[in-house]
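Chain lettering (A, B and C) follows the sequence in which the chains are written, and residue indices restart at 1 in each chain.
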Amino acid sequence: MRIVCAKDCARGMLMIRNVFPVLTVVAVIFGIWYLACVPMNIKTALTEAERAGATVSTPGARERRDMSAIGLALANPAQWRDTFALKKPRLPAPHQVAVELWQTTVEKKITSKRSLVFHGWITLSATLLGFAMGTVGGILLAVGIVHSRAMDMSVMPWAIASQTIPVLAIAPMIIVVFNSIGVQGLIPKAIISAYLSFFPVVVGMVKGLRSPSAMQLDQMRTWGASKSQSFWTLRLPSSVPYLFTSLKVGIAASLLGAIVGELPTGAIRGLGARLLTGSYYGQTIQIWSALFATAILAAGLVAVIAGIERVTLKRMGYGK
Amino acid sequence: MTMTDPSPVISAKGLDLTFQTKDSPVQALRDVNLDIGAGDFVSFIGPSGCGKTTFLRTIAALEQPTGGTITVNGMSPEAARKARAYGYVFQAAGLYPWRTIAGNISLPLEIMGFSKAERAERVEKTLALVDLEGFGGKYPWQLSGGMQQRASIARALAFDADILLMDEPFGALDEIVRDHLNEELLKLWARTGKTIGFVTHSIPEAVYLSTHIVVMSPRPGRITDVIKSPLPRERPLDIRDTPEFLEIAHRVREGLRAGHAYD
Amino acid sequence: MNLVIAAVILWLAAMWVNIRIANGPADDSQGAKLAVPLIFGLTLLAMWEMIVRGMEVPMVILPAPSVIAARLTSSIPILWADFVQTFVKGALSGYVIGVIAAFVAAIAVDRSDFLRRGLLPVGNFVAALPIVGTAPILVMWYGFDWQSKAAVVVVMVFFPMLVNITAGLQETSAMQRDQMKTWAAGYWQGLWKLRLPAAMPFVFNGLKIASTLALIGAIVAEFFGSPIVGMGFRISTSVGQLALDMVWAEIVVAAIAGSLFYGGIAVIERIVTFWHPSQRRG
């Protein structure tokens, strides 16, 4: 137990030690992002400037098409500022994305079709429902596998193999099949999410339930513990750290499943749909803000599970 | 220590080494003065934490002294390292599991830019030197601990440096294997005439092997005694039962006790 | 209806056989370990066939395995073209580029402690994000053809690889690095002879994770626009036409491609990291 604490304290110190380098790296990334905006957007900016009557180095959008973007950028410093303020830039500047995020979350009513909170909730609800289904199913199957050798030998190889194949490819079909029997919206997406989080949970949970050493199991036997007693007092508690590791993988997979589930049928609600409609209409700022929203959602979900993990493990004595 | 050779191979004068740690500085070596002559076999013995490893590492330029001077072959330790003056054997064998025994031995040779033919020749030679002929093609994990340690000694011998520094090389081995390797090491020393610095916790091992036994004591790490062994260079294992041997062992033990009495 | 009852009986029989094998005397043999999952899989397949036929499930909900197999064999040229477009051109080229880029970045990062401490948490963070979301952007930048799919794969593969390679390069012990110093080895010698080989178990762990991501990335990116060939394109258009047999045929191809890709890397891993305790035989 002491070792775990030492590791925990060390992690805390590591985080403090890393803050400055991490901030630097993030700052550099934003710097590169801003810099990249100029050549990425210069052609659009020049076209618009020309339309507004400005003179530019090489007149005519057609003439500029095959020219080097960096060359054009260097030749037209006057238009640099415009590259950060286009309506449909090839690469929106960070502040444009931030403004869009702000406007579509805080400043929009939650019920509005343009509110990211609204779309986020559509995706999140499918994610959470699917995640819950996948986790419960995964744990039950893992318990079965640990207690039945036949089940172990039958199912386990398939569970492991299924992690090597792109199961996400099934997503569109699930949506359509449910559609054809009249079920739409939440349930089909949740099923994709459940499916994606199911196998990581099975594999991790089996590992966890098997983690007690032969000595610990033998000790249980010397006390005359029944199978269910050793399950509840030894196997299940030992599996908790493994469970949380899989849950973190599982929730990320669930979110991915829900987003991909929104792509194929031209859904109009959800973060996946925002990505898709954004790409139909060339609304790059919308795509980027939806992308950041998914990133924030994913990070938030993983962080929530990590927080529950920390509290639970501490309660259970792993952290002392 | 006074040597017949006027210019010592390793010479430390007023050596100080203090580690800056988070809570408080640790003085690992204080005012260490020692000359080691060519062909000497010098053992370092002393309680845990008295700076034996630190001193050996300073000779190898793995630590920087914070005071005093140290020279190896008349040069700074760094320069001596660049000149490939010494081989260093760590406490664990530390062989690379992805290389065969022969591959492990040839590793420093590759780094130092020996030709392929010469590498093969030296590997064969050193394998014979440590009695591992025929095991060149095996992987480290297929060998016993004693054999691995011999391979790691072979790795330090392969480039034929004049100085061999060994930090508790046999610490993890059982008594019988240890005896055997001690004997082998003495033979090797007699055959090659190398200068050897050897850290150990075992009094019999120190007495059996060395021409000079350096007794150290901790907090701060320093040399309390240097015992010159009157034993002949030719030493069968049963020399350990002779009165001369026991007498030196006794002196070493007394020296260690005296060091302990300080705290 | 009879077929459904037959399916239930078949299930019970197969499970009885499996339980007998699993709890029998030869349960640890190689044969049993192969037979049990195989019996299980084949039983499921047979039941699927029987139930779909017995209950006359419409094709738009679930085609029978025999129908899928027939579609698979009759559409080999299409499936092959899709495979080449998505797997070879999109996934594989992106995978190679992403892995190489990650190696270059990892070695650059490795030379600076500051960069490593700064970039690694960021990399870890990004590796956990749903990066397929970048697909619409990259499709916009690089066009509908395979280049944009490869770009998505590069981004998806890069971060997990970077994190794994960097962690692997830290794998050597202080003693091993000191040993290198006593031989006056330079940075590149130490990297090449000691740290890269020691990092290989981590590298292969990353390569295996990345192999699955690569195929997912290439397929999903096609949902955002593609030429009229490719596995993702075929899946989304066949789904639209309710040609589910074709969708399943593509899924079979994707499953085979995915597991072969993964298996291939696992085989190379066996060869390269033969020395690692987890790979030693016997």
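Everything below uses one rule, namely that a residue touches a chain if its C-beta (ideal position, glycine included) is under 8 Å from a C-beta of that chain, and two chains touch if they have at least 3 such contacts.
Chain-to-protein mapping (UniProt): B = Sulfonate ABC transporter ATP-binding protein; C = ABC transporter permease.
Because the structure is predicted, anything quoted here is derived from the model rather than measured.
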Shared interface partners, meaning chains that touch chain A and chain C: none
Greatest separation from chain C - chain, by CA centre: B
Chain at the geometric heart of the assembly (C-alpha centres): C
Geometric centre distance via CA averages, chain C-chain A, whole Å: 18
Geometric centre distance via CA averages, chain C-chain B, whole Å: 51
Inter-chain centre distance, chain A versus chain B - centres from mean C-alpha coordinates, in Å: 55
Complex contact set, residues of chain A against chain C: 17-18, 20-26, 29, 90, 148-150, 152-158, 161, 163-166, 168-170, 172-173, 175-177, 180-181, 248, 252, 255-256, 259-260, 263-264, 275-276, 278-279, 282, 284, 287-288, 290-291, 294-295, 298-299, 302
Touching residues (chain side chain C, partner chain A) in the complex: 15, 18-19, 21-23, 27, 32-33, 36-37, 39-41, 60-62, 114-115, 117-119, 121-122, 125, 128-130, 132-137, 139-141, 211-212, 215-216, 219-220, 223-225, 231-232, 235-236, 239-240, 242, 244, 247-248, 250-251, 254-255, 258-259, 261-263
Partner chain B, residues of chain C touching it in the complex: 173, 175-176, 178-185, 189, 193-194, 197-198, 200, 273-277, 280
Complex contact set, residues of chain B against chain C: 57, 60-62, 81-82, 84, 86-88, 90-92, 94, 96-98, 107-108, 110-112, 139, 141, 159
